[in-house]
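What follows is a set of structures to go through.
Each of the next two complexes has chain A plus one other chain: chain B in the first, chain C in the second.
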Partner chain A sequence: MGRYLGIFLTFARACLVRDMTFRANFLLECVTSLGWMSMNLAFYLLVFTFTAEIGRGTGWTREPFFAFVATGLIVNSIVQAFFMPSAEELTELVRTGGLDAVLVQPLDAQFLLSLHRVDYSSLANGLVGVGLLGWAVSRFAEPPGPVAWLLYPLLVLCGVAILYALIIMLAAATILLGRNQSLYDFWFYLTNFSRYPAEIYSGPWGGPIRALCTFVIPILLVVNVPARVIAQPFTAGSWGGVAAALAAAAAMLVVSRVVFQAALAKYRSASS
Partner chain B sequence: MSDVGPRPLAGLRAWWTMLAICLEERLAYRGDFILGTAMRFLPIVTQVFLWTAVFSASSRPDIAGYSRNDIVAYYLLTMVSRAFSSMPGLAGGIARSVRDGSIKKYLVQPVDYVGFLLAARIAHKVVYYFVAALPFAVIFFLCRGFFPPAPDGVTILAFLLSLVLSFLLGFFMEATLGMLGFWFLEVSSVIFAYMLVQYLLSGHMFPIDMLAGVPTGIPGTSLADIVRWLPFEYTAYFPSAVWLGKVRGWALVRDLAIESGWVVVMALACRVAWRRGTRRYSAFGG
Partner chain C sequence: MDNTPPATPGQPTVIQVDGLAKHYRVFDKREGLLASIRGLFHRETRTVEALRGVDLTVNQGEFVALLGPNGAGKTTFLKLLSGIITPSAGTATVLGHVPWERADAFRRRFALVMGQKNQLWWDLPAAESFRLHREIYRIDPTRFARTRDELVEMLDVGGLVNRPVRDLSLGERMKLELVAALLHEPEVLFLDEPTIGLDVVAQHTIHRFLRHVRTERRVTVVLTTHYMKDVAALCERLVVITRGSILYDGSLEGIVDRFTSHKIVTLDLDETPAPGRIERFGFPCEIRGPRVTLRVDRERIADVLPEILRAEQVRDISVEDVPLEEIVANLFRGAAAGGTGGGR
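Moving on to the complex of A and B:
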């Protein structure tokens, strides 16, 4: 474990050196990343000029909703910084046969393929997320209690774990398909469902979507559970969501590991 | 496209070859392509639920003239508009070929580069529509309840014309952007910034009419007024608004003329950028 941590820190240091070598590019990446986020925030501000709440009686008024958005920013920035850059390279590795070089290393292939690259510029959104969360919470009529604050980081990590497991399963799909340039698109569209409170998925179509995105692909637990803990009153019923997020994170990590190993077993090298 | 071949038959043959290459390229990785096409509809699903929730919490019958059904229909129609006007990889591809020197083959061959790119893009689009027609038809059939009654023949013709113009406008805007590669070594950040602006101001994110209440600091001028002075809305908002009957009569004729004007302006800008760019371009190596 210590060996893997040491190797990861070496990767992280190398990526930091690379990012700092091209400082202007790094700053530009931060700015473009922040630009995309600002655009979405502007859209939500526009939506709240037409309504006071997202869904009647859901409690997702402006400040709680922005706490929800902030949580999404924090979770996604961690995933985008630490896991996504490596996963994006996988598609070319599979197509060109470069994966062979990874498989012969005396290290766990999943570790190498998912953690060898860190994109520090993606953390800019997370920092804004923390600021936005602070702003939103400071305007709550009832501030979150100590239990909520203790659970929040743990549930954010659960969200990260669920998304990481999804990336690993998409990576496995890449290995099986031979090429999967839609990997990033697929990821974007899938995580799109986690961008809004689960309550919006109601009615004859919304109910099944909500069930599917909670129990089959638990994407709705990623942001909803931590955001609810911090932005909605914490009651005895809230523990159910907490338990579900913990169980889903553990189950997804195990399943993704099994799926990834099975995909690697089917890998046929593309190199000569 | 007389530049592609000296005789009409040779020109047709060149177009057919390009189409065949594009088809083969697309179908080589079928799983990836079909997955990618199907996935594009997913954001619409979340938008439908988001706006349903907004309308359920608000007592308004409409927002900026759009009922909940109108908004769903609008988002679906922007998918059609974007299928015409979006040019994935065009600007980046031009800039890359300038950077790696592969563009020099077009300078020594009797092939017009912009014409070649346009032909290749039409081929790509035809292949895309061929594959995407079925998922589009299924989604529109399932969502037919959100649409108002079909417009009259003239409006449908205007809609089709606006789509063709949006294709040309999207093509020339992105091609011009890609030619910035002649002046700057790396244009990926510029392309990303353009995509952001494009996404926000084209009406892809929400109908431009919703900006009518957003002040700009200029008396009597809203943000929607400023956006309407720019070409972006013709690549997503305008065709959708035409189908939904938001633009009618003389306003429709005027806006189609403005869209045509933007196509001419951007085609000229593209041509000027190509001329000036190739004049300052210098290639090294073999």
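Moving on to the complex of A and C:
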């Protein structure tokens, strides 16, 4: 474990050196990322000038909803900073045969392929998310209790794990297909469902989507469970969501590992 | 196949390959828009036999060259031996390990350098990649520093290790790739066209370096190349692969003996020979003034040379084997035509 941490820190250090070498690019990425996030926040503020709550009786009034948005920012910024850059590079590695060099190294290929690039500019959104969460929580009528504060980081990590597992399964598809640009688009569309409270998926169309995105691809648990723990009163019924998030994260990690190993065994490599 | 014994008999076996085969199913894409649309619904595939039941034994300390035309299966063979891909049939062990099981204990003991692929971090100095290597291979810091300095000095790349790799020339990059590959002191080194695209000076430096590595560190090396200069400078043993099968496995001298029936005799005469005068000694390949190049049957060479010296006013004479390039090209052509190739 210590060795893997050491290697990850070496990767992280090298990526920082690289980012600092291309300072202008780094700053531009930060500005683009923050700009996109600010537009989203402005849009939600606009929505709350027309309504006091997202869905009647859901509890997602302005401050709790911004805690939800902040949780989404934190989870996504971790994924975008630590896992997505490597996954995006994988398509190119498979297409050009660059994956060969990874497979000959005495290291877990999944670790190497999913953690060798760090995009520091994506952490900017996460920092804003932490600030936004602090602002929202400070305005709650009933502040979260110690159990909620203890569970929150754990559930954020569960959300990250579910998204990571999804990325790994898409990466496995890349290895099998040789190219899968559209599958990464699929990832983007799918994770869009996680950006909103689960309550909005109701009725004859919303119900099946909610069931699919909870039990088949547990994308709705990614932000909803930690956000609910911090932004809404913690009751005995809340433990169900916590258990579901923990179980889903564990199951997704195991399944993604199996799928990824099977894909690596079928790797064909590119011609020289 | 030639059954010449390995060049280092008595040494332990490092690579043992039996009946190794690799088949791929590939999509046959037809030309034209209609055919492309049809291909969405019905795909025609065919099986490509990249490697067909190869047997090979390599002993410790050997330097083996794999030669073959493009698409012969050389790189596929190296990828199988380094565990990058899995075979369709057959068995192989390298240092006692099945390569495609990808055990860390195995991967710590070999290195693969691909001339056409960059393994160093592109935007960073090679020193950063070396540092990462130290972590990945768990190299003791003192040993790492000693090996790195030694390799850097041997290849004279001390001034390059702190420059971003993207700013280096191809030759400089390849030298640093070799340093990175040898930092963990591998016992087996797989080199896939390491001198491709390099100028003669860089080629010469790399040849000298690889000879040193092989002699001093007792590394077993398997090299694929298209350059006969690499083969002549480095290898005692040559394995010719065509269409996925081994056509020849033996010494450099052996391939000359087996696949050529003649020698090349070059004469510098006093004056241009009269037409028809020189043909009795052998087949004239080239007559340029008083300089004549003849192809003489190997079995006749001992008789022909004194005859020439007696009959002609000879200023200079040289006798050479047919160039390796020519022999190998004939072998490739013969294999492509479905025969065994060669000059006989």
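Basically, the second predicted complex is superposed on the first by the 270 of 272 C-alpha atoms of A that agree within 3 Å, B and C clash if a C-alpha of one lies under 4 Å from a C-alpha of the other, contacts with A are read in each partner's own complex, and residues count from 1 in each chain.
Keep in mind that, in the parts below, contacts are C-beta pairs under 8 Å (C-beta built on N, C-alpha and C of every residue); 3 or more make two chains touch, one makes a residue touch a chain.
What you see is a predicted model; the values in this text were computed from it and never measured.
K.L.:
Applying the document's definition of touch, where does A:F43 land relative to chain B and chain C: first, second, both, or neither?
P.N.:
first
K.L.:
With the two structures laid over each other on chain A, which partner does A:A265 touch: chain B (first), chain C (second), both, or neither?
P.N.:
After superposition on chain A, A:A265 lies in contact with chain C alone.
K.L.:
Compare chain B and chain C by how many residues of chain A each one touches, and report the one with more.
P.N.:
B
K.L.:
Have a look at where A:L34 lands relative to chain B and chain C in the superposition and call it first, second, both or neither.
P.N.:
A:L34 sits against neither chain B nor chain C.
K.L.:
Applying the touch criterion given at the start, work out whether A:V130 contacts chain B, chain C, both or neither, answering first, second, both or neither.
P.N.:
neither
K.L.:
Contact-wise, after the overlay, does A:Q105 reach chain B, chain C, both or neither (first, second, both, neither)?
P.N.:
After superposition on chain A, A:Q105 lies in contact with chain C alone.
K.L.:
Under the stated touch criterion, which partner chain does A:L177 make contact with: chain B (first), chain C (second), both, or neither?
P.N.:
A:L177 sits against chain B, while chain C stays out of touch.
K.L.:
If I apply the document's touch criterion, which positions on chain A are contacted by chain B in one structure and by chain C in the other?
P.N.:
none
K.L.:
Quick check on the complex: what are the chain A residues that touch chain C?
P.N.:
Against chain C, the touching part of chain A is residues 3, 6-7, 10-11, 14, 17-18, 21-22, 96-98, 100-101, 103-107, 109, 265-269, 271-272.
K.L.:
Residue numbers of chain A touching chain B in their complex, please.
P.N.:
Spelled out, the residues of chain A in touch with chain B are 25, 28-29, 32, 35-36, 39, 42-43, 46-47, 49-56, 58, 177-182, 185-186, 189-190, 192-193, 195-196, 199-203, 206, 209.
K.L.:
Can you list the residues on chain B that touch chain A in the complex?
P.N.:
Residues of chain B touching chain A: 29, 31-32, 35-36, 39-40, 42-43, 45-46, 49-50, 52-58, 60, 63, 186, 189, 192-193, 196, 199-200, 205-206, 210-211, 213-214.
K.L.:
If we count contacts the way the header does, which residues on chain C are in touch with chain A in the complex?
P.N.:
Of all residues in chain C, those touching chain A are 24, 75, 79, 82-86, 102, 104-105, 107-108, 110-112, 114, 116-117, 119, 121, 123-124, 128, 131-132, 135-138, 164, 192-193.
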